[in-house]
Structures are given as C-alpha cells and as structure tokens.
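Chain lettering (A, B, C, D and E) follows the sequence in which the chains are written, and residue indices restart at 1 in each chain.
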Amino acid sequence: MESALERLWRTLIWAFVVFFVVNVIAMISTVVVNSFGTRWLNSWLPAAFTFRWYAAAWKEFQLGDVLLVTFQIAGAVVLISALIGVPAAYALARRNFPGKPLVMLLFLLPLLVPPITFGVPLATVLYKVGLAGTMWGVIIANLVPTVPFTVILMIPFIEQIDPRVEAAARVFGAGTRRLFIHVLVPLLVPGILAATLLAMVRTVSMFELTFLTAGPTSQTLVVSLYYSVFAAGVRAGQSIDAMAVIYMLSTLIWLIVALRFVNPTQIVARVKKAPA
Amino acid sequence: MTAPPARRPTLADRGIDGVTLLVLPAALFVVLLFVYPFLYGLLLSFAPKEGGLLGNYTRFFSDPYMYGTIWLTLRLALPVTLLNIALSVPIAMQVRHMKHQRLLTTILVLPITLGTVLVAEGLLNYLGPQGWLNRTLILFGLIERPIRLVHNYWGVFISLVITGFPFTFLLTLSMISGIDPALEQAAATLGARARQRFRHIVLPLIVPGLAVTFCLAFVDAFSVFPSAVMLGAPAGETRVISFAAAQAAFEQYDYSYASAIAMIMAVVQFGFVGLVLTLRGLFYKGPAGGGKG
Amino acid sequence: MAIASAGFRELRLDRMSRNFGAHNALKEISLTVQRGEFIALLGPSGCGKSTALNCLAGLLSLSDGSIWLDDRRIDTLKPEERGFGMVFQNYALFPHMDVRRNVGFGLQMHGVSKSEIARRVDEALGVVRLGSQAAKLPGQLSGGQQQRVAIARAIAIEPPLVLMDEPLSNLDAKLRLEMRAEIRRIHRLLGSATIYVTHDQDEALSLADRIVVLRDGEVRQIGTPQELYRQPLHADVAEFMGFRNALRGNVVRREGRGIEVDCGFTAPLRGQAVDVAGDRIIVSIRPADLVPIPDGPINAEVTGLEYRGEAYYGTATGPAGQELYFRTDEPLAVGEAVRLGAPADRTLVYAAGNEG
Amino acid sequence: MAIASAGFRELRLDRMSRNFGAHNALKEISLTVQRGEFIALLGPSGCGKSTALNCLAGLLSLSDGSIWLDDRRIDTLKPEERGFGMVFQNYALFPHMDVRRNVGFGLQMHGVSKSEIARRVDEALGVVRLGSQAAKLPGQLSGGQQQRVAIARAIAIEPPLVLMDEPLSNLDAKLRLEMRAEIRRIHRLLGSATIYVTHDQDEALSLADRIVVLRDGEVRQIGTPQELYRQPLHADVAEFMGFRNALRGNVVRREGRGIEVDCGFTAPLRGQAVDVAGDRIIVSIRPADLVPIPDGPINAEVTGLEYRGEAYYGTATGPAGQELYFRTDEPLAVGEAVRLGAPADRTLVYAAGNEG
Amino acid sequence: EPVVINVIDVAGDLEVSGPALEKFQAEHPDLVSKFVFTQATAPELAGKLKAQQDAGRVDIDFVLTGNDALAAGMEQGLWMEILPKYADKFPNLKELYIPGAYLMQEMARGQAFVIDWYPSGPLLEYAPDRVKDVPNTPEALMAYCKANPGKFMYARPANSGPGRTFVMGLPYLLGDKDPKDPINGWDKTWAYLKELDSCIEYYTAGTTASMKELANGTRDIIATTTGWDINPRYLGIVPEEYKIGAFKNFTWVGDANYMAVPKGVSEAKLKVVLELMAYLLKPAQQAYMYDHGYMYPGPAIKGVTLDMAPKDSQETIAKFGRPEYASLIADNPTEAPLDAKPLVAMFDKWDREIGAAKMKK
C-alpha cells in the first residue's frame, strides 16, 4: 500500500527530473541552433546554417583576449575567495566569540546590498589606489561579494564535519594550516566545490562591478555579452545567441572539469552506500 | 613546587584564539573594501535631490508604484526560492544513491553556467509563440493557440527556477551526503519508513544547511534584474525592486534615490535572511555522524 | 504497518553470502534460530559478524542465499518492514535528538501514544542507568553512556528479534555484569530471539543458548557454550576460545580418545584427541590450565609475568622455542626454569594443518 | 615545531578541573606520572576518564588547575605542540585517508621522510595485524579493524607520552591479549609514559604500574595493581574492583585487623577491616571467592546460574534479601539452598556510609 | 609623440563610425599609435566616469554615446566643455549640420558633437502578406488594432528606439498642446495610448523581441524607424519583403549619436581627440555613416551623398533601402526628440499608466 505510494513518489520525482532536463536541453538547443542559423522564422529549424555569427562576435569583441582575461579574473577570484573565505567560515562555524553576530552581519551585507550603491565609491577607491583599470582592480572588486558568499556558504559544511577528526589531526601534530590542507579541505571538498563553482559563476556574471573597475584591457566576457544584449542599436538575435553560447561554454568547461575530478558527495556517503 | 598561578579567564575561554583569528583576513578585506563604499551609499541615500534627510524614503513609501515593487519582488523571489529548495531536496535524496550520479549531477547543475542572457534568449525562443514547446503542443493537439509563457510573471519565474535550481540542488546534494548513512539505517531498523526517515533524521540534520541555502538563493532571486526585464513585463507585473533602483540610477540619474531604494532592498532581504538565520540558531548544528568510527 | 517478525517461530539463514567487491565477507552462512533462543556470534575481528547482522537487519543486501522467517522470505524486505531491533557497533545515535528522543524514536515510529512512549523510555533509561542524562545530546555523553543509549533505543521497541553488535564493549566490568543481567532478563521477558555479537567469551558463554563461531566469513562451529568451551572442534576455534597454547608435535600413542603426544619436552603430553587424522598434531591448552607442577612434563624458561588479580599469568619458552602461556599463584622471576603441566582432560589434540 | 613532551621526566597534573556547564566532570585531579610509567585510569562509565585524557591532550581547556611537564606549564599549549599520541575512544580516524595514510599521518606531520614513514607504517600495521587492509578506507573496515588503525596511528609516532582510551574494547579476547603484549612491549621500547583508560580490570591489572580509580570526576584511589586488587580503600572502589557482594551488617568483634561481623546469616562473617569507623559496616567479597562450602556461614537460596567456562557463577538471595554472587564448580539448581563461605583474608570490611 | 586613445562606445556606434576612426589612425600615425575600443551599455558609463574623475584618473579619452548617456553625463558635469573654448576648430556648425542634426547638436550644449544622425520615425513595419491596407493615420491604426487585437505591437519605450519614437511622434500627429512636454502637454497622446493598450497583448522589453514577433507571424504590424527597418532585413532578422508604412503628415523625431570627451583627459590626448572629432565631421568620413542602413541615412552634415559611401554600403542600401525614404524625409518636418528630463518623465508616466496597467488585467 504505502510502498505503492513510495513508488509513485519516486516516479514523480524522476518524471520531474526528466521534464526539467528535457526542457532545459531543448531551451539550450534553441539558442545553440539559432546561433548557427542564418535565419529562423516560423519553422522548426533555421533555413540554413552558418558560422558567421561566431566569427563576427569573435572579431568584434576580440573574444580571444576577453576570454583569457575572464578566465584569469575568475580563477584569481575563486582562488582568493576560497583561500580567505574558508578559514573565516571555519572560525565562524567553530567558535563563539563576542561580536560574532556583528561579524556575520558584516559578511551578509555585501550580499544584501546591491552593487548599485557601493559600486561607484568602490571603483573610486580602487582608482585612487591605482588598482582599477587593471586586472587586479577587477579581481578585488569581484572579491567584495564573493568572499562573503564563500564564507556564508561554507559555514554549514564545516559544521557537518566531526570536530573529533580535527582533534585527532591536532593531537598528531597538525597545526591549523596543515589541519586545513590534510583534513579539512579534503573533507570539505563538496562544499568547496559548490562554493567555488558558484563563486566563479557569479564572478563571470558580475557585470556592474567588473564594468566599473575594468580598464580597456581588463573587460570580461559579461561586459561584451551585456553590451550585445542591452546596447542600443540593431543586433541580430543569432549574434546575441552566439555570444551567449560562448559565455555558457566558458563556464561550462569548468563545471565539467570540476565535476569530472571532484565528487560532490561526501566521503562518508561514498564509502557507506546505503542499501541497494 | 611553586604554587601555580591563579587562573584568570583567558581570551581562549571567551572563544578568542588562533582559530578565531582566521576570520580576520576576510573580515578585514570586507571592512577595507566594502564598508566605506557602503557607508558612502548609505549617506548618499540620505541626501536626496529634494526633501529632507528622509526625502528619498518618504518618496518611496508614499508612491504605491514604488513600494509596490517590494511586493512584486517578494511574489517572485519567495515562491521561486521555496520551490527550488522543495525540488532540490527530494531529487538530491534520490540522486545520492545513484550509480551514474556524477553524470546526472552534472546535467542538473549545468544551468548555472548558462547565464541570464542565454536563459532569457532561450526561453524567449523556446517558449515563444513559435517556439518548440508551443509547436510541439500544437502538433499533438494539446492546445490550439500558442500559450503565453514569456513577457509575464511566468517567464521570469521559469528563468529563476532554471538558474536557481542547480544552485540549491548542488548545495543540498553535498549537504545531504554529509549525513552518515548509518543514521538512516538505524532509523530504518527502528521502523521508520523512508518518509519518516527523511522527516526525522535527514531533514533536521540539513535544516541548518538549507537555511543558508535559502538565504543565498533568496538573495539571488530577490535581486533578479536582467531576466525580469527580458522575460517579464518590466513596467508591470515583474517590476522588481532592483529594476526600480536601476531606473532611478540609470534612467533618472538620481543616484541618491537609487541608493535609498537599494538600501530598502537590503533591509527587506535582511528581514528574511535575519529571520531564517536566527531560526537556524535554534536547530542542531554539528557533525552528522552517529558515534564511533 | 505489518512487521514481518511479529510472532515468528523460527528464523532461517540459508547460505547467506555477502561480498564487498572481490572480498567475500560472508560465505554461505546457514543457521536456524528458534524463537526465544539466544545466539552469540563469536569470531575474530573482521570475520564478518557485523556484516551478518547488517544483512539480517536488511542494511546490506545479500550477494547470495536467502533469509526466511517461518515460510516467508524476508531478505528482500526493507529494514523497516522486518521489525528487528538493533544495537549498532558504532551506536549510530541520532546526533540531533536528546537521549530521551533517541530512545523513544522507535516507539514514535510505531505509533505508540505519547504517554506510553514516556513510560517505556523511562523504563529503558532505567534499565541502562541513564535516567539522569535524559536531556543530553549524544555528543555530550561519554562513550559508555552513548553505548547504553544505543541499547536502550533497541530494547525500547521490544522487538521480537534483537540484534546486538558488541553492545557492552565500552562499559566497565561492574556495569557490564549488570547490563548482561538486564539483557538476559529482557530477552526472557519478551520471549524474543537475540543474536548477540561479542568478543567477550564470558559474555557469550553466560548469555547464549548456542554459540556460532565465525572465521573469515565462514561458520566454523555451532554449539552450546559448554561444547565450545570444553571441546572446540578445530584447533583454530580452540585457540579463539582461549586455548592460547598451541604446541606442535607428533602422536606417540593412542588409547581411545586418550592420546600421548611428543612436543619435544621432557615427557610426552597426555591429552584428549578431538580431531586427529594423521601423526602431526597440535596440542591446545588454556593458560589457566597450564600451571607449574613439580614434575610437569613441560620444561620451560619464564620470560614474563603479569598480574591478573586472582593469579599471575606468565609467558615462557619451551625447548623448541614454543611460546607458552601459563598461570601461577606465586610470582616467578623472569629467567627462572619452570616445569609446567596440565590435566589430560583439559589438553586437547587436533590434527595439524587443520587450523585454517 | 618544538614538541613539549620530548624527553620529559615527569608529568604533573595539579588540581586539574573541567566543567561542562554546571556539571563538574573533573574535580581537582592531581597526579604525577614519571617517565616510563604505565598508568591505568579506571572508573565507571561517565566518571571523567575520557575528559581527563582530552584535557591532557589539549583538546579540552581546563576550567581550573594546571598541567606541567617538568617545569613547563603545558595546559595552555595547543594539542599539536604537546606531541602526545592518542587513541581516541571513538577512533576519530580520518575518513578520507586510507589506512596507510591514517597511520602515517602523525609521522608526516612531524616531518619524517617518506621512506621512513613507509617503514614505520608497515611496522605499526604489522603490530596491529592489519597489513592486508592497508589500502582500505576506514569506512570499509570492521569495528575492530578501525580500532586497530587508531592504535597503529598512535604508536607510529613513537610519542613520549601515549594516551589510550579503551583501545582494545572492540577486539576479541585472543587479539586483545596479543595487542596487550604489543602495547607493553612498545611502552618498554619507547621508555614512554602511557596513560591508559580501560574498563577491563584484567587489562589494568596486567599492564599498569599504577592504577588510578576515578569516580564522579574525583580520584578515589591511586595504587599498584596488587593494592587495588587486594585492598581497595573504599567500599565503592571495592565494588568497582570486582567485590560484587556488598553486604550490610554490624561489627561483632574486632581483633587487630581481623573482624567479625553479623549480616544476618547463620554465623558471623570473618574478614579484614580496611576502613571501619563505626559499627555499621559493609562486607565486600568477590564472587570468585564466595563458594559453596558444607558449613559456610552464609545460608542462601540459588536464584540463577550462568556458565562461564572454567566455572559456574550463580546468584542467590540471603535471608535478609541480600543479593549474593558466588562461584561454583558444579551446576546448582535454581531454588536449591546453598551455604556459602569465603576466606577471611578475601573478605573486606568497610564502614557503611562511606561507599559514596 | 603618437598616443593611445581609449574609445568607449555605449551607443553601438562603432558599427557605423569604426572604419572612419581606423582611417584616421592610418592617416595620422603621428597622432595616434592605437585605438583601444571598449564597448559597454550606456547606463553604467556615467558611474564609471564619475568614479574615475573622483579618483583623478580618467582612462577614457573618447566617448561615443546616444543622447541618454550624454544627458546623464551633462547633468553630472562629466564632459569637457569643448565649446566655446575650442570653437575655432569647429566653426560654423549651424551651416555644417543638416537642420535636423543641428537641432540635436544644440541639445549637447557644446559638450559633444553629433557624429551621425537620422530622422528615425515614427514608422510602421508590416507583413504585406497579412496586412493589405496598412493604416496611415493614428485613427486607422486604432481601428486596425481593435479589429485585430494583439496584431499590433510596439516595444516598451524606455528600452526601445522605435518604441519611444512612436510615442514621441504621436503628439505631432494628434495635435497635442505641447509635443515637448509629455506631462502637461500630451493629453491626446496619453488618451490614445491608453485606448490602444486595450488591443495590445503586451509590450516587449526591447525592439529585437518585437521584430522577432513580427517576423515569426505573431504580430502583423509593429513600430519601427528607418534604421530598424533596413538593418534587420539586411541581417535577416526580418524577411526582406516586409514593408513600411508612414502616417500621413507626420513629423520625424530624429535621433543621433554623439562624440564627447570626459573631463580629466590629458592635454596631449585632448589635442588628438579634438583633431579626431574635426576629422570625423568631414564629408569623406561622414559618408561612412551610411553603413548598412543602421542609422539610415546616417550622415549628420550637409552634402554627403550615398555615392560617396563605401561600395558595400552602397550595395546594401540599394538592396534593402527604400526609395520612398527620400521623399518622406524631404516632405515631412523634422523635430528633435525630447530632452533628457522630459524623456525620463515620459518613460515613467508610460510605465505607470500604460505598462503597469497590463498587470491589472
């Protein structure tokens, strides 16, 4: 009786997953197909296929350089925010100290307050110290929301780790640094994976702060993309789609690479798979 | 033998030790680079083009077209966030046992890479009157005329689900897999069925994680902007608050008013996030293992 | 909810097997347990005891074989449908519930009323002497307290079949004895069947109706405590049952079950043949039975001595380098020569090469 | 990294205390441990043994008091600076590292070279008989195997001070004896100090130079195994040390340390006064010492019997309803009348009301 | 010493003027060693410039912008005041510019120069196979729309050139009191728009989306401009054969892009940029503005004809251009669009009263 209900439930879930995946793939496909289409009106498929939108976009936005810059910036942001965010999250998860709510608020604010308010003064500060206009300026500006993001996100993951395992590492001579390297980070891999992936996606898509602090040679892909979508003037949908596809690929690569090498499920679950 | 010195409460007793100091780099970074610009924006919001200190705020709250955006935004952000979490949890519960888990995970997480533009373009095409979806439905005779799924509330809603679901799913999956399977096994031997195991074991243990997930996802959804413009009706039912702020800043070039709106936005979000994080404090937070090993 | 085990008469394992990858953790275990029976599962570390319990509880699927309750095949049922109680070796307490809720969880799942739950939880906590810790979370308990919560949790639901995986391993001697008595009392009270994993012989001997000795995933012997204590069927079982002295030698003379063997000492040893096929044998003697006697046949040199309260236990080396474990009431000095002997009826002789 | 414990001469706990909220888990523990000494910490479940070890290791901060290594105060040092080895009661293995890496972890942290690590890990795995499981993750091991990894991990670093929290609780009798021998061997080899928590009296008696008995966070007695086994200072320690029979009565006659007490049996009992202030006393006798003798002073009725291999152990009720635990070589029937007696030098008498 | 000039384009103008800039570099290697082009969306430009100027480090030397971002910059004082200081370099602007372009040049108040201009709209674009009689008066459009609900559409004005041109053209057609004052002078227009709303299904967020709906047959008539008529058909977004219709006696509402210089640009660079601006206002360069009909016709100054334009430009116009434009431009008056302030007020009112009304249904 109830197991029939359970089966129904499971079927429903899988049905939804299939529904979701099919529609998302179809949606992506329309964009991909369109980006290769010459002209697509009122029919199942475009009239003919071409590469010209890619070629044009590539040339117009000097995408080679832009992609390289984007990767560098995203890489640096992700790395730095993990490096300083995870330890901070660790402290917040493990210790109760006076003023902790205030610190939490400090980390929440950059996520809550839209960049409109602080983007310009932040850029001013960065221009004053001579960082804006360079790649580092963009990296630092992007760190302002990603560091707190990483901190907040990592807290529950750290709480899940058994402090006794940490205790063991300390007893056997691991100081905080090596505790992180040898024990915490490997155990936190799923959380760090999620945090870095999401931080990367956010950096790549952070238009406002990037634009405000980027110089002519430190613009990232999203600036070009937004330009092609929102700037005045006529632009073929196919060309926008081509840009969007390039944008997607630029993050998709990392997602696939990351999930290829890192398992999003934690070690406990992997070792002790529940009953078949 | 010398008498040991009397013990005074040390910093460590109050929770301040080397580990606590790890919070410093991040905190310093935020203080240095965020606090000043933020205060600047905050002060700016109290220096309206016209009116007294609170001019911008009274202006906002005396104009239903403006304060209505809060409701319009909440109407999008809350259901979407809750739906995404509600979908993520059962799916993650299923996926974690799977053999080809990585492949499926990759596919499910994939939409976070799409970017708002691709999603908007894709939905406009796919769900549009001549899109594949409507065509298919018409082909099979399920509908007669194309149904309208974009340029309204649902267009934005769908896009938020597509970009938001992978986010919550990835977090939920990683969090659920942190629970020692032995706990569920123990519950099973005590007669708990799958639903009860979920309700009594898994759910309470991931609530703290879900709370954080909710906060981050909610904040994301609440500040929805490009897709509200591209897929919604930005003058109408998807006139979200960040759109109002952007209008003030970029159309009316009233940065002071824009700052004020953004501050209001932050306060509203904080209302929810603060509440959720406070509630989170009431739950068990700690290792999700059951004893030895 | 229909619980499969309610009111069963017998539980039958039919060639139950389980592999982990290439490793066969259980190899065709067959066993029938009657209702009301108390079975102890004994065996060296890693021999598959917990695996067997997990298979029974439905937490691991079988690789082969089947499990039957009377005429019903249950190895395909989910754990929650079997209705067995289980004490996990690693406790598996719910970290987010206090002791009271941990213990009451099973009752809650079975739809027992609130007041009844409260009553039975109090009772179970009383049994494990944890009334005063009821409001703590598992993480705030000592190891032994956690283990007792695990026991209380399993017995609170009064299951018709209880599986216990080393439930007393972290308790002190006094508490162990008390808990042992409680477990036996509850076993009788519920008329349930109990399968009890332990590494403590005393526990197995005193509690069990029958003992099953496993080794490398295989059943080596099934028998009553007396049988196992006095007459293990194989040299390895004997060694496991406390016959720590295992001396190799050759048969000198046989007369019925009596046997005389030569192990290179001053005189042949006399013992009881349990399972002697050829000439080369192993002699098994418990340390407690091997004591210094003036004309003992075993000449050896003391290499160590330890205090064990009621007596001293020593180690010694025989002429062929044999390691010997013996008992003595008076302390001996290391290096001292000693002559040891054991009663013939406590000296068991097995065929060599059969020790596995 | 300078390790505090390297080459120390003595470890001194000075009124070490630790509270959990309002609960005082350790109350002013003072103890001095010499290098090379083997200390066993004994006490009922929840008495604070693990807490004491955790405080020593630096995993819990003290609420009061201090810990000294020679002249250096170390209770303010971080765990990683103390350089102690520890076997955790709950193992606390690194779930993401295979057995080999778990065991080598400490060496790696101490900057030992790769090849040296490999050598010493192999050695440690050999000691705990886990060579064949080296590539498994902890989650793939049986309970006993995990425990052995925990032991191997602690001894691999050859620490000057080893803390062991019930390291053998999940091992079978045979392996326990072997491991016990290994632990002693390593202790001697390293010349290290060992503080060893156990609930197994045998282990404490055979391994320790001195035994510390804790109760409710307080030290009840410190002494050699012999002292503790033969002459516990308090009735509660006695009960904990296996004097399971605790009979209340009154003093009849004293002559020096000899004493005669009346507990309502057919005749007064003769025993040894350990600590007798007033007239009302408690008589403590081990079950093993209380045996049926034809004219034993204690008349009782058998209520239960259990097999323990070398003998039977029974329960009986005395005339005043006293619970009695005794030993017998021949099985007795439940309900049978029996007369029990114990040697006077094995019968200890304590003042009543002092049992804690 | 040749310098590097950082050009930022927030109007999509490089599409049109890019070749002329490159030509300048080729002809003046002594002045410019390199142009670095950045493209961006208009709204955030002001913020970025402000940040740079507050910090005293301006790294943008030359801006191509539409009138929205220009106005924003003017309001915040971001632009260098070129006139009258450097008036000698730009003599006789009134003579130089086409009248319609000059109207817009005046709006720049000496802080920028119109680089290209077109009369824009309002125009209607329709599918000839589905629409036989294209409406040629506002009343006819209303009647058509009511008869064919959902078949007419214009994009949300705030985000669409054609959308706003359509709305800005209406006061002239309907004879409103003050076509330059949307709040107080547009009574008829607002009434008209409200009524029109009843037969419009929704307003797309941008022009492209409305073009697509026209192309795929969901709509039959949409609002457009000259550039949005020619260029999308050239690009294949809209079928070539689609036609345009104009209202009788309508007034063109022009549109232009500007070139401006932020305050804070160094003297050395400023000299070069001024040179560049003067250069771009020469007929030879202005001929590039024909482009692919992106801002048809495009040139802002008098006397530039299509035959001066590059070959492919001529071909495109020949193929996708419309002969009727010449007469439409010649025969109808031209007005400047709304100034920035009233324009924003118009957007706001439209959003509140037209756009938001959609929700209530």
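Heads up, the rule we're going with is that a residue touches a chain if its C-beta (ideal position, glycine included) is under 8 Å from a C-beta of that chain, and two chains touch if they have at least 3 such contacts.
Just so we're on the same page, UniProt names per chain: A, B = Binding-protein-dependent transport systems inner membrane component; C, D = ABC transporter related protein.
Treat the numbers as computed from the prediction; the structure is a model and nothing was measured.
Colleague: What is the set of chains touching both chain A and chain E?
Modeller: Touching chain A and chain E alike, sorted by label: B.
Colleague: Of every pair of chains, which is linked by the largest number of C-beta contacts?
Modeller: A-B
Colleague: Could you state the distance in Å from the CA-based centre of chain C to that of chain D?
Modeller: 22
Colleague: Taking the mean of the CA coordinates per chain, how far is chain D from chain E in Å?
Modeller: 90
Colleague: From the C-alpha centre of chain B to that of chain C, how far is it in Å?
Modeller: 54
Colleague: Out of chain D, which residues touch more than one other chain, so two or more?
Modeller: 78, 89-90, 93, 138-140, 143
Colleague: What are the residues of chain A that contact at least two other chains?
Modeller: 2, 41-42, 119-121, 124-125, 162, 164, 226, 230, 237, 240, 268, 272, 275
Colleague: Could you check chain E for residues that touch two or more other chains and list them?
Modeller: 42, 44, 47, 212, 216-217
Colleague: Touching chain B in the complex: which residues of chain E?
Modeller: Interface residues on the chain E side: 42-44, 46-47, 68, 71-72, 75-76, 156, 158-159, 201-206, 209, 212-213, 216-218, 344, 347-348, 350-352, 354-359.
Colleague: Mind listing the chain A positions that touch chain B in their complex?
Modeller: The contact residues of chain A facing chain B are 2, 6, 9-10, 13-14, 16-17, 20-21, 23-24, 26-28, 30-31, 34, 41-42, 44, 84-85, 87-88, 90-92, 94-98, 103-104, 106-114, 116-122, 124-125, 140, 143-144, 147-149, 151-153, 155-157, 159-164, 176, 190-191, 193-194, 197-198, 201, 204-205, 222, 225-226, 229-230, 237, 240-241, 243-245, 247-248, 251-252, 254-256, 259-260, 263-266, 268-270, 272-275.
Colleague: Touching chain D in the complex: which residues of chain C?
Modeller: My answer: residues 20, 42-46, 49-51, 89-90, 133, 140-145, 148, 165-166, 169-177, 199-202, 205-207, 225-226, 229, 239-240, 242, 244, 286, 288, 306-310, 313.
Colleague: Within the complex, which stretch of chain A touches chain D?
Modeller: Residue positions touching the partner: 162, 164-165, 167-175, 178, 182-183, 186-187, 267-268, 271-272.
Colleague: Mind pulling up the chain C residues that touch chain B in the complex?
Modeller: Residues 1, 3, 54, 57-59, 78-80, 82-86, 88-96, 105-106, 108-110, 137-139, 143, 146, 150, 153-154, 157, 163 of chain C touch chain B in their complex.
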